[in-house]
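Structure provided below as structure tokens; questions to follow.
Lettered A, B, C and D in written order, each chain numbered from 1.
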Amino acid sequence: MSEMTTLREAVAGLVNDGDSLALEGFTHLIPTAAAHEIVRQKKRDLTLIRMTPDLIYDQMIGMGCARKLIFSWGGNPGVGSLHRFRDAVENDWPRPLELEEHSHAGMANRYVAGASNLPFAVLRGYVGTDLPKVTKTIAPVRCPFTGEELMAVPALNPDVAIIHAQQADRRGNVAIWGITGIQKEAALSAKKVIVTVEEVVEEFEPRPFQIVLPSVAVDAIAVAPKGAHPSYADGYYDRDNAFYEAWDPISRDRERFAGWMERHVLDTSDFGEYLQSIGKEGALR
Amino acid sequence: MTRDLSASQTAGTDYTTDEMMTVAASRELKDGTVCFVGIGLPSEAANLARATHAPECFLIYESGTLGAKPDVLPLSIGDGVLAEHADSVVSVPEVFNYWLQAGRVDVGFLGAAQVDRYGNINTTVVGPYEKPKVRLPGAGGAPEIAASAREVIIMLRHRKRAFVEELSFVTSVGHRYGGDSRSELGYTGAGPTVIITDLGVLRPDPETKEFTLAALHPGATVEQAKEATGWELKVAGDLDTTEPPTERELEVLRDLKARTEAVRRGARI
Amino acid sequence: MSEMTTLREAVAGLVNDGDSLALEGFTHLIPTAAAHEIVRQKKRDLTLIRMTPDLIYDQMIGMGCARKLIFSWGGNPGVGSLHRFRDAVENDWPRPLELEEHSHAGMANRYVAGASNLPFAVLRGYVGTDLPKVTKTIAPVRCPFTGEELMAVPALNPDVAIIHAQQADRRGNVAIWGITGIQKEAALSAKKVIVTVEEVVEEFEPRPFQIVLPSVAVDAIAVAPKGAHPSYADGYYDRDNAFYEAWDPISRDRERFAGWMERHVLDTSDFGEYLQSIGKEGALR
Amino acid sequence: MTRDLSASQTAGTDYTTDEMMTVAASRELKDGTVCFVGIGLPSEAANLARATHAPECFLIYESGTLGAKPDVLPLSIGDGVLAEHADSVVSVPEVFNYWLQAGRVDVGFLGAAQVDRYGNINTTVVGPYEKPKVRLPGAGGAPEIAASAREVIIMLRHRKRAFVEELSFVTSVGHRYGGDSRSELGYTGAGPTVIITDLGVLRPDPETKEFTLAALHPGATVEQAKEATGWELKVAGDLDTTEPPTERELEVLRDLKARTEAVRRGARI
């Protein structure tokens, strides 16, 4: 049964140092507000799970929150590299980052297995690539009927899953529409679930390709308007493409990155203040 | 920075080599085909095709948008513009399991950081995996697209650092070691059938499956192509020259990119 | 790419004697019109696949269309037995019926595997029941990571899947809303797909829990108003509960059943005439 | 036809034995529990509970309706009334994989054709499988409900042909051979914790897991219960008597059934 709370309380109460966290949102509805609150609360030794690490994990990695990353594509979409991610992998800065990498299909099916309470999932892939040489969580499995050999990947069951959604209703149900990506499986695969939402409404209207996550599958709901910025929220605001481009020079340089994060994240008390803060600077310096 | 480079580097005519590359790639897409599209150059070429000779192309993006009809080029694989006019939107597990793995994709359209002579792709690391010289983004959807799409079209700029003798890492399988070695892997797809570059078009030898120069874009030379290839590039006996972009193709492409640029400069908080 | 056609042409062109057919619709949107057309065209030696055989398979079995049934629950919902199904199993009338029975979870996952082009699916079930003793398509499989033993079921890939949906649009996409059950997986697991719809519309409106099956995944679409009767179509008509109760005495007796089917199905040219025909009789005699 | 039987067979008071059974079963459901509901008697009892002492019960039906709030009793597992007011509607694979198998169900509420002393259930055949005397509907969702629900409540009328010494077929596993034999199967659920009949309430012995008579409904006798049980029914030392239905419980239940009957006589073409 979900509880309405603040993002600060939700993160303080449900996220512990050393946890495995899945912050999902496949380019749409990326839970930036929650990622920043985790940085503010200086959580450490986290295993960060996410198909597309994106800017939020670049920031968490650069701020030293992560000891391990489980992922499938680590770039700045439409721009280029995630420089904090690269600096951690190439130069161990600010600390070494253990990698467990898969393909998108592998990650998606690992969440499906986790949500289904199965120890593994089966797919056609990986064979002939170098991924099985560097990733231990890929193993062959044989079909008991045809004898055909396929690849298996183990289930993902994060300690905490965090997603951003458009709406919650009074009873604590969560509505997501548009591109819903892997959010449902990520949430249902986790031991605890935090959802940030744009707003709370009396009841949901039908929306294109909407899914509803029932209250019983959610632990905490916090309102965080614009909480997916610079990603977008279908029906609320567009993707801030300029911010993704601006992030490239900001994140290239360790000092500039650290200063930016301190100014806009550590020195602000919540996401509302963060938005004001980067708004003043035009987000670009 | 490759962007500036190629923009400056025109073929001495009224279009850039990048434009020639995109146009050439778009022509590879037949109308009505189901196409699984990667972001960037492939998406640009696929949408040019849809806006010109292939209006009934069914575009699938890994974010779960089926039959996407973007009016501007998506900057990310999950832009709202992809869902807006899509025939359907499904979850990520569904798009990979029920669509790609199910064999519903005719053409997989991929970019790459590095390819080798057999069309194997590296998007993971340059240098040793444990201590990479360059850490690349990683696999994304490419390995399964390369595995399960009926055929694969690869697009990347022709550079020696991209067309390499040996890959640091095989992220996605092309024709593996050449010959029939791919078929032993049990994949349903036939593998890469063409590599489109800013200099020309490479196609696999029917026997060895080694990619050889099949056509040059206007203004490009065999020497340039060999110079920009890390392996001993073979040249087809009947070397073609690509038809230059038509007025229409250039107009539509530039219009598409202009609208996209407007959006890129768009949304602010 | 789906083609708009008539139900008669779709069945004549795509359904062959000896085919395996999945007519799905989980109590909602049961494709009755299509089932009747198959009876009219006297298709034979069919392997009928369906989680809940319901009245449509009771009728097809009683009319001698089926040689085998793959199912998980064969009753008249809310009423009792499927008498034609029972007569076939208990007395081989009108011909012997081979059974392959699973649980709902097993059937659902077999369709998922089929839609995913995988040879098998994995689930937690069957262990300790007598089902594996009588159903050959259940086998143990071991997790390559944990060593845990689970149960596997083989994929279902019917020659033809037939579903009934509320709407198709001009481009041949199909919209289904409300309880969508197993229809998506059934359609995507099959080699050929026939969809009957209540109507064709210019474009779809957002509806609660609506899914859209793209045109490229469908072979033939035929308009069949009220084509799910006595089941229901959310947004169009309610379940005809009285008909389900009326079916009990009709189907109990071989002669009465045969006469009823001849009068209302064989002697009518399409589902529209069928509806008029049973309407005249009040459906109860 | 069992319906008529039980309707006539009242407990000599102002309520029927079926009403007592439904009321007793509804009381087993604590408020706020997640309940996977079978059609028929279980659905009747679960919705009575929701309309009386357990308004926050989260009802799941195998058709994929999550948090169903039917205002009349569904006649089929997929009636429109289940989706209408549900919190969410998902596919059949999802309800079984992401909800039941995932361990999200507190209570599985099952009917049965036959049970044995260990709460194993038969809904497949009476007589030999290859040549059955009676072909029953089959498994449906019961095997996985019995496997994965944290606990299972079984409801069926107390008849010798239903409470049997040996099942013709084990469709769904209860406590298997008794003792700890169920736990060897690796199921997450604890198995059946109670069997509610029209005569009384049976609960498993903590050690042997054999179902023994724990309570009688008003008017029913131990002899009746033993007579209607195919095995040597054991009786608890501290045999309870069920509280008779309250005014409220009867009123709500009869109102619910009246509205349902109206619908049953409803829709016509």
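Everything below uses one rule, namely that a residue touches a chain if its C-beta (ideal position, glycine included) is under 8 Å from a C-beta of that chain, and two chains touch if they have at least 3 such contacts.
Predicted model, so just to flag it, every value in this text is computed and none were measured.
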item: Minimum number of chain-to-chain contact steps, chain B to chain D; value: 2
item: CA centroid of chain A to CA centroid of chain B, Å; value: 28
item: Euclidean distance of C-alpha centroids - chain B vs chain C, Å; value: 42
item: Per-residue multi-chain contacts in chain C, two or more chains; value: 117-118, 123-124, 148, 184-185, 208-209, 212
item: For chain B, residues contacting two or more additional chains; value: 88, 97, 101, 188
item: Each pair of chains that touches, named by its two labels; value: A-B, A-C, A-D, B-C, C-D
item: Complex contacts: residues of chain B adjacent to chain C; value: 32, 34, 58, 66-67, 87-88, 97-98, 101-104, 188
item: List of chain C residues in touch with chain A within their complex; value: 117-120, 122-124, 137, 139-141, 143-146, 148, 150, 152, 154, 205-210, 212
item: Contact footprint of chain B on chain A as seen in their complex; value: 26-28, 51-52, 71-75, 77-78, 81-82, 85-86, 89-90, 101-105, 108-109, 111-112, 123-131, 134, 148-149, 178-182, 184-185, 208-209, 226, 229-230, 232, 234, 237-245, 275, 278-279, 282-283
item: Interfacial residue positions of chain D with respect to chain C in the complex; value: 39-40, 62-65, 74-80, 82-83, 88-93, 96-97, 100-101, 124, 129, 131-135, 137-144, 147-148, 169-173, 176, 182, 185-188, 263-269
item: List of chain C residues in touch with chain B within their complex; value: 1, 115-118, 171, 173, 184-185, 188, 211-217
